[in-house]
């Protein structure tokens, strides 16, 4: 597995109907073209009969030129095996849009993570339905666009957002406590490319104030969930979840504070795994290769 | 706090309407009678205006004789302050009934914990609606009573169980994956003295097969919850919760296996805290002093 | 316990030789002066015979004026009982100095936490032995002082740092991955008021590169430790520790990345507990009330 | 991946010098013989240039007869690629010897796990240097051999143990808090087949009483480590580690109690992974496929 010292590598993500010979065929293709495998993991969903694979190999000395890889693999392998596939290169830096409202904790955590240099992504722009965090964006030298959304202006607002995403050539979107529900139409433009952080477990207490409900019910742990956004609210494929322990001493305010620490952690892990192309989605579940 | 080396101690659990002077009055009572406090913790539920306290003190040299403590404290302090209180002594060994069905993992864990010598409780008897675990009980030299329960015989069966609990002088009950719902009437005999292990978080997926639901939803953690049993199913005060991480690789079978390891852990912790008189219940929530 | 809605409160931290009557005397003092206790917890170190207490009470209606509290409590109670004590008020905002070198992750996390509004502290200044993070300080509008330290200039550098701390009226110091060892003399100016984050467990692998050692040894968890700085390197009282799981797949680079996420978390929790006056130190151990 | 519903499968564990084509060659062999891959994971140790793989496939319809698989794979593939390999079959039930002294918690946990039916292994015998747990063995119907060991009789005692292991046809050994150090000679008979539970992290406090040292140092977490036993004490390849949080309230006795709960958990997970043939050992580190 890559340790950052190697040169360029490619990542291939595959899913298809499970049958014999898929790994053999793909690895044979890599071998015959001189590809040295750095990472390979696969998974079979036995119930649904679906095969998933992630393979990463060094491009140094690989016979197929990078710009032809998509076509070559498509024609020689994918078409024959009826594979769904995607190819990524390790020097690509995805361009990300962060959507926020007024809460800043997740935004700061993402900004400082990218600044750390470990994270191969660029924050293309920040979009918000409130002007509050404009200053944060400016401090980090990132374009900030205030797109107010009301029920009356939703269609118009989302149209503007989509135009911005297109203009800024955005690869995926992170909702860093963005307090608006995206329309089905919007979501369809970025399938499995909008990552949300939900301030609760799923299944969760119903309603908009999960920390209050958690307090009332007297639970001993609270959770957070990061998931891809789909048309159905909070029902998208779960990428990552974790919890923090609480006690009877924790007021609702303390739950909120502890919860926000957790939200940062869970969202960051989800974005990292997306960024490293470790996630496949199928049947509303994620395969997260480690 | 007790380290096992001291002699006899008493534990006082108190709750009452919050107001000034409660701690002062109680600790003054202890002080004037020569009580050395080993542990004191308190909690105020600010919203409901309720005060909770747990205090433990050495009985060596304490002026009030043990057998008069209940009455003396009651008359001098509790009546004046309108306290709800309970007093326990460190040399008491509560007598426990374990209810099981066919699953043995929680039963074994409790049996071996008690055998370890750390646990100051006696398992008085094991009651089951199935005969399967009779041999386990025999191996540990514990009486086993098979009380089959059907919807037709429920009242009769519970009557027999209550008679057994009385005959064996049982202090509290642990449902170690007992697959029967206790009637309201039964529960009323042992308020906050029936501890259940629920193989899920609360809030949980609805239905009887939470691990299947968790698998379907693609969650990344599964949980278990130990709670006191109340009339409303799975709605009693939560004592302890914890989780275990899962991945896409885990089949439903693996979820069940990991879940059972977790159930043992969570139930054991809950019973330990009950045993150590660390739990107060109010408004369907627990205060668990540490 | 405070939920932020109450008015002013005071926190009293006490330690002394354990004997009967301490809680009674102190709570009686509070009661007679009309103090409503919001939080009280105590601990007895049975081996060493030392008593510790944290009590918080509402100042609304309290008979002793705030500015006389230190003297009054000292004369009436502390002198008689030979207590060590400290009193804090809930509206005090401690002034903190953050020391950094080149790594920014802990700095950003602290800055954004304070910005969140939950944290009642002010970051008075940032001191660094490198100029790299000057821009971060400027973005947050915080004074930044570059104090280069070499072995030749250490005494001089620390003298300048102490002068700055005095000038900025600093209450406590957070070493947010500050890569210099503070001299004994420096530490003596801020006993139990310098919080460090150590990128390892204690006990730890010896040497300066714990993540490399952890990788070599093939451990399955890595840890981080936050502690008060004392004259002996990495031997000060531990405030908080936690871990993150790793696998054979994690390169040293991944250990570093995961470790940094953990360092943020552990340092943040330690600073929070210090800020909330929840920590007492005795015999090189901490009592951290929850 | 196996969910218990499939028929027979084989697991192949491989390690060798890393080079191109290994996965292709092996998966091609499986494909051409009609093997349906249920699980495949691999790992490259980039620094040492070593390749590791675990592949599991269904034997139903596989062209190479089970009894010829070792030879066929050896001749056609392993010899050519200079692979180290092992093949296991899913219907094999390894025979395990459990070594104990006087502590019973890990023993009970293993016994009840096997009883649960989830665990495909047989406990062949229990060996102890003390007679105390003979009754436990009898209750579970397992042969118990008391082999006292003193420094004077160590060679003789181990010879008797080795004879017993041979007589009972034991595949691997679990030291369930066995309080004797095995000689190098003994260990050599069962390389990477003796699993120990160490009641501490590694690196750990030196000495025989880690919980006492942990208490003295005031740590906030305690750990346990399961590892393969090698000639060097406590230096063998780590299989699994985990922690439990502690506080200032925990006496040494409480640390021991919490530690034992943890030891059960960590040892059980390690044995499970060994049993499922998920572990490869190289350069004193483990690869634990998930």
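Before moving on, here are some points about what is shown:
Letters A, B, C and D mark the chains as written, and numbering starts fresh at 1 in each.
The definition used in the following text is that a contact is a pair of C-beta atoms (placed from the backbone, for glycine too) under 8 Å apart; a residue touches a chain by one contact, two chains touch by 3 or more.
Nothing here was measured: the structure is a model prediction, and the numbers come from that model.
Between chain B and chain D, the least number of touch steps comes to 1.
The interface with the greater count of contacting C-beta pairs, when A-C is set against B-C, is B-C.
At the interface between chain C and chain D, two copies of one sequence, more than half of the residue numbers in use appear on both sides, so the contact is built from largely the same positions. A centroid comparison over C-alpha atoms places A as the chain most distant from chain B. Measuring from the averaged C-alpha position of chain B to that of chain C gives a distance of 36 Å.
For the pair chain C and chain D, the distance between C-alpha centroids works out to 42 Å.
Multi-chain contact residues of chain D (touching two or more other chains): 1, 3, 43, 46, 247, 249, 251, 290.
Here chain A touches chain C in the complex through residues 1-4, 104-105, 108-109, 111-113, 115-116, 118, 139-140, 247, 249, 251-253, 257, 260-261, 265, 268, 290, going by the rule given at the top. Partner chain A is touched in their complex by these residues of chain D: 1, 3, 5-6, 18-21, 23-25, 27-28, 30-32, 34-44, 46-47, 290.
Considering their complex, residues 43, 46, 201-205, 217-221, 223, 237-243, 247-249, 251, 284-288, 290 of chain C touch chain D.
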